[in-house]
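Please go over the structures that come below.
Next, two complexes with chain A in common: one pairs it with chain B, the other with chain C.
Right, the complex of A and B next:
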């Protein structure tokens, strides 16, 4: 006779689950509304999604720090709260971009918004746990929704982009589960906090280093695919080019940040047990990513592809901070993504505003540099705002990313890696070339004859989003103090 | 007597077969099969290690992998049908719009 299993509700601590429940419940609500009444306007779904994300945001803010719940599966520590807040902020800025002047295929389906909320829930699960199973489930929930959303853009390019991302993602999943299998094999548990305790005891055994390093390589490959580090970056520019501009902007922030948090959890335990080779591997990956992505970005003709390579290079920059394993460096990661969110989403939204159904300027690209020639004459405001985003990405002082870059570089110097800091600074200098190239096109090139205004897709919500992004980018100097102290506190209470 | 080592060797061989398949295959359907082989290699490893440690976590993980693999195939085949309708081919070399 089997014993009845008794679990008290209090021990489950379901409040740790509340943010994800809000997102999943909201997605189901959208599906139900669609079932009950067809042909509702898309602005209803947009507003509903924003509202749900807002409630979700509140639920995250009301979580108490360093709690576990649901049979110790959920882990609510400081970095999981900070990363969830950044993810939700990016999502709230992303979803109003559906309210465009022109009609696009994907926004006609309510399922798009439901999928979007499921994806957000997936990313939240990914960052709010240290259990390898739940990380995997969250990762795949989010990725499968993301592939579908890319394909729903319904152009030739977007189908190709979706299939490319899908095959690369499936391969990354294979590497991830194999890496988890090795970790499970040597430690007998899949909870990373337990794993590091057990491995610390077993470190002296002969022949244990080989499987530990092997697992780290398998997991690093999986992380590399998702964060798009250099040897595994092949899909990134193609996928960004094929998907819609806001989607590309979103992909350059949220999936990368979520995987970065997983990387923090995995790598910090490797560094804890004293596996220095893993640290060197991460530094090597970061340096290669920064440098080669920058060189590739120099030769691009399309602004969107240039931004894709630039976001690869930014990911490499942040990856370098990951290897340092100091509180300052970990805070730097979140600070950087918190600032990068506004700048990069703003830049991609500017591309979205200029989106035209026909490719008038180039046989293949939607946003070649020539399209922006002489923008200062036709749309002075747009040109200035785009220039602010480009200068911020370069790292010019008053604008937001300068502070992020400075903070990470100073953390690198503090940790004693002077040569790494020099490489990071040099890369920022190289990057200035391709960002400023766009500024030169906008401000100094003459406007081509017979071209009408390019802001064909602009609408009030899009302008508001760009305005918010530009305002945060410009006045970030006033935000630095509160943001830094909050992030620093959150990272240090989680014990990193 | 077949021990843990044999299962792990089998798992790594399967993983290698899957990896080579993903890299070498040009047909999308074959590529999907290869990724499935990679996931199932991990399943074999998990089940074997789970019985070796006398701990159910690994088998639980294997079940989750099976479920995820199934949903991945559902999404993947949907995309594949969409592409076949557009291009009339499943060969990766025919999808040449995005490159460079």
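Right, the complex of A and C next:
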């Protein structure tokens, strides 16, 4: 007969689960409100979502560092707290973009906001564990919600985007599972901390390197898909083009950051057990991604597609920092995404403000460069603010991304990869061309004849969000010190 | 005896799945797929993973194949499918290379031996009991999150197949939208 299992409540450490429970509970609350009373206004759900995310934010802040809970499955270390904070901040800033002038299909559903909160919970589970199974389930929960929210925009392009993302994502999920299976096959467990303990003892055995490298290839494909590294990036521009601007902006930050945390856990485990070839693979992927994505971005006609390629190239930039395996580089990743968040939030919100329901300027694209020609004459404020975001993406001081780029490049030099730092700097120079192209269109080109007002979708909440983004982007120099010391402390305390 | 059963099952599964891929008749392909799925559960039973064997039968043969069968009812499943596959050397090369690589990576763990088992067989516990013990202690959280995932999938399915998706608000102009709202309120 089996003996009854006794588990004490204290050993479970249930508080480690509290942030995700807030998000899931909030999502269920939204579903229940919709059941009880139909036809509540959209702003109620937006405000409710922001409130829930705010409580979630507080729950994350109240977690104590380096704790495990729920049978050692949840792992609350520094990087999981920092990444959850960035994810929640991004979600709080992106969800009010639903309050637009015009009505769009997805915001007619209360379920949209429930799915959004489920997605946030999924990402939180992903970053707050080192168990490959829980990472997978969190990833799939978040991805399923994301695919649906893209399709809910309900245009031809968004259906295409959702199907494309779904099929490619299913394939990447397959690779992730196969990689985890190989890891399980050589170590008998899927917890990365246990895996590295077991493999460290056995590294001298003949023939063990082959399956370890094999697993790394499979996992790198899955990671490369989600953070959109070069050979696995095919879906990115099409999906960004098809989905609504807030969704595209969100996709350029949050899913990538969540997968980046998984990549930190997986790759630092590989570097810990002395698998140098994996480091070279990551550096090669990063260099290819940076360079080719920049070249592809040069020939785009649509600003949103250009921003998609730019986000691919930024992902390559951050991936290079990942391969360095120093505390400074890991802090750089979070700093970079923290700053990138505000810049991209602003850029995509500007696109969202100028969104017409019909495609007036081009047969295929919503936001071709021509649309912004002469914007300085019709909307001087909008043109200046858009220019700030473009200059920040280029990496012009004192705007936010300059500091992120500088920090990562200096980490690269410190780690002894001078040639990599040179490539990164060169790529930033190439990127200046396509960002400044938009600035040239806005400031120097004449305004086309017979065009009506461009900011048709603008509303008070959207302007506030743009204001926040512009303020943080411009005055980021004052934020650098506190942000860096906090991130540095959090990263070093979790042992990276 | 086990060796014989393994090779018998392995060869049959390979043959059946080859039929699935090569057959031009949907009905034949689906029947072969279902038969292959049933035989895979045999592999689990050989490994004394009774629980997984039954899950394989219920989920893949019962649910997934039934879903396929329902899907096929919307099409004419009796005829042969005309495939437009032109011979393409690049695709062939890449496909074969990928397949070889995957097989290589998957057989690589057999190079080492003596992998420790974190959850060894318990004395006096049947296989489903042992699975249950691990599933509801150590893996309780993934189990519950999987439930959330299914909820998300259900909401997604209901929304995307729902009637409200027929008219796209994202494309309607203000006038059309007003007319639509008045029609709905009546």
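Just a few scattered comments:
Definition applied: the second predicted complex is superposed on the first by the 495 of 496 C-alpha atoms of A that agree within 3 Å, B and C clash if a C-alpha of one lies under 4 Å from a C-alpha of the other, contacts with A are read in each partner's own complex, and residues count from 1 in each chain.
Throughout what follows, a residue touches a chain if its C-beta (ideal position, glycine included) is under 8 Å from a C-beta of that chain, and two chains touch if they have at least 3 such contacts.
Here the structure is a predicted model, which is why all the values come from computation and not from measurement.
By the document's definition of touching, of the two partners only chain B reaches A:238; chain C does not.
In the superposed pair of complexes, A:137 makes contact with chain B and with chain C alike. Touching more residues of chain A than its counterpart among chain B and chain C is C.
In the superposed model, A:105 makes contact with chain C only, not with chain B.
By the touch criterion defined above, A:305 lies against chain B but remains apart from chain C after alignment on the C-alpha atoms of chain A. Contacts of A:378 after superposition: neither chain B nor chain C is touched. Once chain A of one complex is fitted onto chain A of the other, the partner contacts of A:173 are limited to chain B, with no touch recorded for chain C.
Contact with chain C, but none with chain B, is seen for A:7 once the two complexes are overlaid on the shared chain.
In the superposition on chain A, A:161 makes contact with chain B only, not with chain C. Once chain A of one complex is fitted onto chain A of the other, the partner contacts of A:185 extend to both chain B and chain C. When the two complexes are laid over each other on chain A, chain A has residues 133, 137, 140, 144, 147-148, 151, 178, 181-182, 185, 188-189 in contact with both chain B and chain C. Those residues of chain C that touch chain A in the complex are listed here as 101-102, 104-106, 108-109, 111-112, 115-118, 122, 124-125, 129, 133, 137-142, 145-146, 148-149, 151-153, 155-156, 159-160, 164-165, 168-174, 177. Contacts from chain B toward chain A in the complex involve residues 8, 11, 15, 18-19, 22, 28, 31-32, 35, 38-39, 41-42, 45-46, 49-50, 53, 55, 57-58, 60-61, 64-65, 68, 71-72, 75-76, 78-80, 82-83, 86, 95, 97-100.
Residues 1-2, 5, 7, 17, 24, 31, 70-71, 73-74, 102-106, 108-109, 111, 114-115, 118, 121-122, 125, 131, 133-134, 137-138, 140-141, 144-145, 147-148, 151-155, 158, 178, 181-182, 185-189, 194, 198, 202, 205-208, 210-211, 214-215, 217-218, 244, 357-358 of chain A are the ones touching chain C in the complex.
Taken together, the chain A residues at the contact with chain B in this complex read 132-133, 136-137, 140, 144, 147-148, 151, 156-157, 159-164, 166-167, 170-171, 173-175, 177-178, 180-182, 184-185, 188-190, 237-239, 241-242, 305, 364.
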